[in-house]
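The structures considered in this document are given below.
Two complexes, one shared chain (subunit A), two partners (subunit B, subunit C).
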Partner chain A sequence: MSSAAKRDKIKTLILFLSPAAVLYSVFFLFPMAQAFYIALFRWSGMSPNREFIGFANFKKLLGFEMSGGATVPTDPMFWKALLHNFEFMIISLVVVIPLALFIGSVLSRKVWGSGTYRALYLFPNMISVVAVAVLWSFVYHPQFGVLNVLVEGVGLKPPLNGWLGEPKTALFCMIATSIWYGLGFYIVLLLAGIQSIPSSYYEAASIDGAGSWQQFKNITIPLVWDILKLAIVYLIINTINIFGLVYVMTDAHPTEHTHTLLTYLYQKAFSESDFGYATAIGVMVFVLIFSISLVSLRLMKREAVEM
Partner chain B sequence: MKGAAKTRQSSPIKRGVLQFLLILYSAIVVYPMLWLLLASLKDSREIFEHPWSFPKALQWSNFTEAWVGAEIGKCFGNSVFVTALSMFFILFVGAMAAYALARFTFKGREAMSAVFLSGMMFPVFLGIVPLYILLANLGMLDNYYGLITVYVAYSLSFTIFVLTGFFKTLPHELAEAGMIDGCSSFTIFWRIMLPLAKPGLIAAGIFNFFGIWNEFPLALVIISKENLRTLPLGIQNLLMVEHYQANWGALFAGLVIVMLPTLIIYLLFQRQITEGLTAGALKG
Partner chain C sequence: MRKIIVIIAILCALALVGCSNKSGSSKNADGKIVLEVASFQGGFGLDFFEYAAREYEKLHPNIKINLWGNPRVWEQLRPRFVRGDVPDLTWPGWDMDVWSMVVEGQVLEMDKYLETKAYGSDLAWKDTFYPSLLDKGKYNGHYYIMPFNNNIFGWWYNVDMFKKHGWTPPKTYEELLVLCEKIKKTDIAPMTFQGKYPAYMLQGFFYPFAISAGGLQGYYDAENLKPGAWKSPAFLKAAEMIAELRDKGYFQKGAMGMSHTESQMEFVLGRAAMIPCGTWLGSEMKKQLPPDFHMEYFNAPVLKDGVGDPTVVLCGVETWIIPKAAKHPDEAADFFKFMTSLEMAKKFVVQKNTLMSIKGSDEVDLPPTLVAPAKYMNEATTTYGTDYGDWYRTMGKAMEEAIASLLNGRSTPQQCVDRMEKAADDCRKDKSIPKHKAG
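So, the complex of A and B:
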């Protein structure tokens, strides 16, 4: 290439790449990277004074102290929030994955209206989480909520303060809402995987006299394994990243019964102006997502099945 | 695929049971939204006394109250503005970068693609405090341009990923023909390549639309002025207000207003949305 042509190419590359590179570095990568540094400071509010304290924020987040003869966490709220995220994660995994697999494989058969069902099931996932959260706070409403009517219908007593006001039920109600919101996405994902399995496999199995369950277990599951893994990792990431739903359904004031990691981070940063500490929570969330995803991928490792 | 369906015919009873289960889940999906639609047309007393019934008289005034009184109309305008401008810049800037990454060979190309791709790994809130401080220092807090800039920056990873895949599939001959005709590299991109990449732009555009139209956490952090609120912020605020004022009809009308554009876009692009989701999954 002549040097003039080369100079032209470089100019072109700069013209095309620099807007994206600048925006992405300045407003995305740089803040993300800076978080790992700011997490090492004690820094309240917008004041220019910040004090380097090493890993003290992390020690406080993860540490334990003696208090009244018992060992208690230095930041009990962090552990509660973490526990709530785990509840979100475990319940979602147990409910969403089997349901999505089941509905996905039903829809992959020649059922009447399967396209319509698929479109319908995916729709909640397209709505704003805020709208979903507001809508469902009325399903749980103490005066005119549907859930009350259903529960009273079978002769039980709904909680006095409403489902979201009652510490024992609030979190589960939010988990149920998040499942309503997300299930369709996983159905569509797994359905696509199931549909990519060649029909001849099922034909051969039928001829050999294998029933639906055997076909599901021996053909569907192994052949959608890769997409199943993907779905599980997505679900894990989504349940750790949960924010809007909880923030809105708790009226912007989560309690020790409803806080999740990100609502706690938000409160620390923007209500209490504890910038360093809030950022340390963010780093923990990042580490958590990264490690849980890696571990679950490792656990689900299985010989690839050739199609 | 069709063969599978044919041979996997099951007994009528089994089919009946499956059909029943599918309808049951459909009811669970539809019920809250149907209830919302009915409630948005009742007055507050009727919502209280007859939450299950059809409205006696249609209270269209709920919608004017939400639109004007509760300023959902203002929020709607803000959301349209922010979403439209963000999408324009995301697609424009993203397409240019994706084009360069897909069609030119140069040193560091792989590394650069990887850096853009890595953005999909970070949780939104990891960098939220540094971002907040950066915006404050630049005077971009609490204004549209700060929000739009952040939306563009946050969406580039995904957009460049999708569009790079697309540009790679386009034939080389057309660009070469353009070069011979003496077009500048930008003209080739703008006049020849971009129109060819239209399906990719539509796919990336749809997902960015839903992402930004519905976006909540970043808007919550960046916007605090009332008159700049986007729809999700407006609705969240309206919920808090109505806990005291109990003008439920207006709140429900507001919710319907938020969900309507989503429904329309969803119905229009349903095929592309499902295909986009599944293609992404099958490739990944």
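So, the complex of A and C:
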């Protein structure tokens, strides 16, 4: 290619890429850079006045102090919220991914009614998260909730403070709801991957005497590995970013037992008018998602098998 | 290529139009002064304010009032305050941190306007308000935040249920214990509460009990962050009283997990005999109230040998402000003065089912649910509020967490007040938080 033609090609590339690059910079990169910048200020979000305080917000967020002879975090709520996000993440990973893989493999077989089941599993995901949260609040309702009826039916006592008011149960009730809500999406995601595996592979394997488990382990898993990785990272991001469900179901009360990073961020920004600090939490959420995604992708690095 | 340039040009033009499209107030084409009034649109709607605006325009033909509002008006107002493009007068709603705005010099001082004569009266405007309610908006000796309607917070009981069983609303804590025991024997829960929002339990149980045990000054000391005030014997006593009610099973099961409307529904359905709530209860539950349902207000029970004044009532006001950067502050203040004239205030009481911060505005044919609150208000030697929660928002949240952990059984009374004291201590030591004065 002559240098003039090359230059022309670069020009065209720039021309075609620039609208997207401009939009991306204006609506994504610039706000993100601004967030990093705002996190360095004490700012109520009520006026243009803000005071530069360097890394003080981060110091308070991540720091420790001596109190009553013990070392305690300067902001215990941040760590509690973080722990709740991890609980969301670990339980979701342990339950959703194996279950989605299992149901996905079952539905990929041409069994009777698999089409209907596919729709049924995806159905919760089509409802707005607010509606799901309201719906499940009724399930957990301390007076007329279905769960109370079931629990009492088997001779057990529902928690005195209600499922969503009891510190021991509130978080797990919300995790269960989020699993119910999200499962269908992961089933469909993995199902698409499983269905793209030619059936001849399975036929050959069964001729060679491989059982269902061996076929699953040696054919299905390696061939959907890329999609599985995507599903895991996506689930991690979703569980760190969880907000709407918690906000509607408990409004993060009792706070010490149900706050997540984003509900805490919201409280700091909008209830306590501490936008600088809230933005610092936002920056930490970004760092967290970025690093966990990176680490998990690295851990799951394994040659994908070409079909 | 040309098409792309045209599209980019259109986008830029739209962006510029968007930036310059200020909804600011100024003079319109016919030379009239245009006032922009932004209001929270809650249970009261906007219609009364619209009506007041039209009435005011009749009196002042040189003024035109642009009134707008919605249920989340503060979300639109916040960025406007940040960029200095503000309305002339606003009720920014409950989620706007007006005290931060006062401290940051965003709110106009009202002193000179308050000295002027009130509409339809010989009194100075200042003297038409209940003094303790007007004083709520004071900072460093000057008036900034103006009160409008007045919400009284206390307890409510189911009148027909009480009549049927021969119960009477308890005046003292000791009577309450006896009554709760009787109610518990039926299938009805003696009390329910809005567990998801612990501020209700602070206002409904904790502060009235603490004031009864230790007097109003002890409460002011706590609001003023005096060392030890939040874990004083009176505050500990209040926590112990709540723990006693909890342990004796007088609170409805599951109340901790209920929102305000859910628990209020339990009360309306007759599954709980009493509930703490403000005077907005009637209008909030209007659609759900069965036509034959009767409820009545009473002040939270006090200790039989309590030292606190049993007549004090807990009040909260809806707040209006004039931004310092308002284009027409004088006209805005005059319009608000018109809205708070006795004549308009009385109309607001009748139409909107609420009490007002204007003295004498309750001298009308009151809705049944407001008769008792008005009586308590007029008999009160003074009022108090939970202003600390608006001044020190982080501390306010910590107090809610402490009371929630007492009610859900995670904390003992001592641990509860220790947590409160720690929160007050953190607030006191933080030099970056401007301090206020209560009492």
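Note that the second predicted complex is superposed on the first by the 273 of 307 C-alpha atoms of A that agree within 3 Å, B and C clash if a C-alpha of one lies under 4 Å from a C-alpha of the other, contacts with A are read in each partner's own complex, and residues count from 1 in each chain.
Here is the rule we go by: contacts are C-beta pairs under 8 Å (C-beta built on N, C-alpha and C of every residue); 3 or more make two chains touch, one makes a residue touch a chain.
What you see is a predicted model; the values in this text were computed from it and never measured.
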Item to check | Clash-or-fit label for the pair subunit B, subunit C on subunit A | outcome: clash
Item to check | First, second, both or neither for A:143, with subunit B first and subunit C second | outcome: both
Checklist entry - Counting only touches as set out at the top, which of subunit B and subunit C does A:254 meet: first, second, both, neither? => result second
Checklist entry - After lining up the shared chain so the two structures overlap, which partner does A:153 touch, if you call subunit B first and subunit C second: first, second, both or neither? => result neither
Checklist entry - On subunit A, which partner's contacts cover more residues, subunit B's or subunit C's? => result B
Next on the checklist: I'd like to know which partner A:19 touches here: subunit B for first, subunit C for second, both or neither.
Outcome noted: both
Checklist entry - So, A:161: does it touch subunit B (first), subunit C (second), both, or neither? => result second
Next on the checklist: Output check: A:69 vs subunit B and subunit C. Expected answer is one of first, second, both, neither. What do you get?
Outcome noted: neither
Item to check | Touched partner set for A:46, first subunit B, second subunit C, both or neither | outcome: both
Checklist entry - Of the two partner chains, subunit B (first) and subunit C (second), which one does A:209 touch, if any: first, second, both, or neither? => result neither
Checklist entry - First (subunit B), second (subunit C), both or neither: which does A:270 touch? => result both
Item to check | Candidates 75-83, 111-119 or 381-389 of subunit C: the single one with C-alpha clashes against subunit B | outcome: 75-83
Checklist entry - Which positions of subunit A sit in both the subunit B and the subunit C interface? => result 15, 19, 46, 143, 251, 270
Checklist entry - In the complex formed with subunit B, which residues of subunit A make contact? => result 8-9, 12-13, 15-17, 19-21, 23-24, 26-35, 38, 46, 103, 106-113, 117-124, 126-131, 134-139, 143-146, 149, 180, 184-185, 188-189, 191-193, 195-200, 202-203, 206, 212, 227, 230, 240-241, 243-244, 247-248, 251-252, 262, 265-266, 269-270, 275, 278-279, 282-283, 285-286, 289-290
Checklist entry - For the complex, which residues does subunit C have touching subunit A? => result 1, 4, 8, 78, 81-84, 95-97, 100-101, 104-106, 195-198, 253-259, 262, 266, 271, 393-394, 397, 400-401, 404-405, 407-410, 432
Checklist outcome for this item: The answer for subunit B against subunit A in the complex is residues 1-10, 15, 18-19, 21-22, 25-26, 28-33, 35-36, 39, 47-48, 51-52, 93-94, 96-97, 99-101, 104, 106, 112, 115-116, 119, 121-134, 136, 149-150, 152-154, 156-157, 160, 185-186, 189, 210, 213-214, 216-217, 220-221, 231-232, 235-236, 239-240, 243, 251-252, 255, 258-259, 262-263, 266, 270, 273-274, 277-278, 281-282, 284
Next on the checklist: Quick check on the complex: what are the subunit A residues that touch subunit C?
Outcome noted: 15, 19, 42, 44-49, 140-143, 158-167, 170, 250-251, 253-256, 267, 270-274
